[in-house]
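Two complexes follow with chain A in common, the first pairing it with chain B and the second with chain C.
So, the complex of A and B:
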């Protein structure tokens, strides 16, 4: 296997005292807070589903009011969460996600998706499998870089007006792949820019190798938390 | 990925042991956080530690939100009253119903004297995800036992794990505390604990000690209670 280097991931569970599941996650310099609440009462009668839980996602940008880009992220994350939670176990209820973007230096979308997954693990909702998102770019020399950390300074500048984040001149395209944990199969993809099909497949292959590292990170995190929260409260554990 | 009893598990892991036991025609019970999928494989659906007691498999996981289950004793807050029911908030997704007649000695004419905002220690009679939970304040013989309204005292919320922990027979906390000062406690498995003692200072100190116990291993409970005792002599 090639030398796949992801940005350093750190996460801390249970940072909000009043929510059911919460996490602050940072991947390199991108970070966000995810808060999961559920199952709770559905807030509007139009959203009541008699057969499964209704999933609601709120994405707050670092500054300004949420725009079209944030709505797009909400919709994608909603679809992903609906597919990984066993929503049929919680009929007539709602599951709320709130994502607060803290800092974006490329790959915030992948960071938010990974955060949602850890938030779910923390909240104790029943899930089918885990998901992991990997961000990668195609640079001007047609080379694929997994999880890049360098974005030109001007795109990091603090602006009141929310512009769609254009890929800076250095990159031709960027991809965000989401994989599930059972067979590492692709469950969602988001691309931006122009690329050939061959390059897409190459990026997909590299990302699939990289997603294992994120799943390992989840396992590691759950292990650390379980030791603190659960281990000294059960009877027959070792 | 296959896991064994005692391992840290993640959703999607497969429990082979439960499957092979079932194949030998032994009875296997799948508890919290486990389900069998369409291929009759036992799949984990929560993160935590896989445990086994006799033939019951379950995942011990961290949780704050209560999901009603039959025969759980819970602490509810009366939210509203209708013709035949009290509607009680038990920290789950919807209000639970508590019939007027589910109290000791209650008849159509003799209604229990309970107002909105009161705390009630009750049992979950029925829990179906499609219906609202139903509560009772009597046991099967019609006696109230420990159930009923909780007067005075202090109620606080905590995680469900803490309630499970202090109710565990291995946990000596409540026993050790009772040697230091007399107090009353009602632990609802829905993440609410009610305590009462002779004065409010002691009650608050008890609350702080119980909340501190969440991250204290069993063998260190003695130290925790010693600290409680020295603080108790300070305030009284």
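So, the complex of A and C:
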């Protein structure tokens, strides 16, 4: 088996001045901007929940208007965010997520999920735990590749044709695993294509190892800026 | 997102300081904020920042039927979306200004977008997404749309005589850049007291002012569009003065766009495209970078509990009972019954399910014993 590598991750928090939490994240060549606002007033009376906050997710594709694929991503991310935020702390409010897809060369879904987590860390909303998503594919020779770059045909990138979600030619299947930070257990999985159960378990095992690296990345990111915050607060105290 | 209330104090403060030729962000009256243009990995996507205002624009193309009035010209469609709000008034205003500045000024060579006259033409779509509004969204959106159009390349087409055509992949034939005759740029001025124009207003200044002026102007000092908002007593000389200032600024902006495009094409030749990563300033405390990391395939440090929980295990019927036998529960009677009913050789169960089975078995065992009291205790 060839050496497995997780793509380089770059992220910057607080890039949008008007949002509570915002981040630009790029994993390899996939990048997106996530914008978190909350807790804010619920925009429609039907969504008011007396016991917990209402989570709203808007996923903007790179071009054209949102379609079924985007709705699917929105729904999955909404479910994930509802489970990681302590929503019961913010009753009768709304938490808004906006994801702007910027570059998609495979794994944009995992990138968006990781972006949401960093956005939440930046927004200061109370969370139960962190989440990290890892994307991997199964190629035609039954080898698992973690975090591949560009699995789409190049010509499709220019036009607005709704990308066929079926896996073509070179790859058999793709997986997106989402893990939580407490026990590294699986909280969401999205698969596409056909694969054997053994390969699924193998991919899961590898992804679990990869997710640790992403959690370390979160920790470094928070550590880097919290040092400055603590310094400032000590100076104020003196 | 709900707009915050503008207090009278803020209003008076801004108005007074501008009368004294001072601005809240230490700028000169005719000074613009810093402009940043970052191109994406793929052709036609760009992230533009003007101060703290951020706009993302993307151009895509599609083959379409031309308009009957102009059968040999392609079409351009501009779509503006604001964050936080759906189809607001300012969104429609921005769309109209961009349409007038870019489409109606005919800066794009639409005839070159024709594939077969009266049948097939390219339709360009410009999606502008306003991510952060810190004032002067129009200028930022216009720069984003123009630079995205200038950066965009469409696939090549060859036509055979009988109305058929082939769209080539980028590996087969080089991509064709969009032809732009000129680069129209929007310049916004906020008017105070009807006579003091300030360039590139921030959100606070935009809200305090009672009139605004947006000029679409290109580097040849040609005015492409003019848009005025609010009510104010002004003189025609003021508009002339503004247009002269705008023309000067437009030249600089166009030069900046062209130099960024050049830098991008040099990077592409060297296949050293950074994409949107370059917009991230790594020296900031809020940013972090982590290089490619290899994953150790053989590491076994993960907690066993979690891994056992999630994995899906295929257990054949025989293996299943073996497992149960290992747990030293003898249920021969039940096993026989089950074998009669089950037809499939194997089924997918998770480990937690198998645990459930086990508990079932235990309860079965208890059933066989006659002592009723014991049964209730264990079941509870």
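The definition used in the following text is that the second predicted complex is superposed on the first by the 217 of 238 C-alpha atoms of A that agree within 3 Å, B and C clash if a C-alpha of one lies under 4 Å from a C-alpha of the other, contacts with A are read in each partner's own complex, and residues count from 1 in each chain.
Note that in this section a residue touches a chain if its C-beta (ideal position, glycine included) is under 8 Å from a C-beta of that chain, and two chains touch if they have at least 3 such contacts.
Just so you know, these numbers come straight off a predicted model, no measurement behind them.
Once the two complexes are laid over each other on the shared chain, residue contacts for A:225 go to chain B and to chain C alike.
In the superposed model, A:126 lies in contact with chain B only, and not with chain C. Contact with both chain B and chain C is seen for A:41 once the two complexes are overlaid on the shared chain. Of the two partner chains placed by superposition, A:140 touches none, neither chain B nor chain C.
Which of chain B and chain C touches more residues of chain A is settled by the count: it is C.
The interface of chain A with chain B overlaps its interface with chain C at residues 19, 37, 40-41, 122, 225, 228.
Contacts from chain A toward chain B in the complex involve residues 19-21, 37-41, 50, 84, 86, 89-94, 121-130, 180-182, 218-219, 222-223, 225-226, 228-238. Chain A makes touch with chain C in their complex at residues 1, 3-19, 22, 24, 26, 29, 31, 33, 35, 37, 40-41, 60, 62-64, 96, 98, 100, 102-103, 105, 122, 146, 153-155, 157-161, 183-186, 197, 200-201, 204-206, 208-210, 213, 216-217, 220-221, 224-225, 227-228.
On the side of chain C, the complex with chain A involves touching residues 1-2, 40-45, 47, 52, 54, 56, 58-62, 81, 83-84, 125, 127, 129, 131-134, 153-155, 167, 169-171, 275-277, 279-282, 284-297, 299, 302-303, 305-307, 309-314, 348. Across the complex, chain A is touched by residues 6, 8, 10-12, 33, 35, 43, 45-49, 51-53, 60-65, 67, 92-94, 129-130, 159, 161, 164-165, 168, 170-171, 214-218 of chain B.
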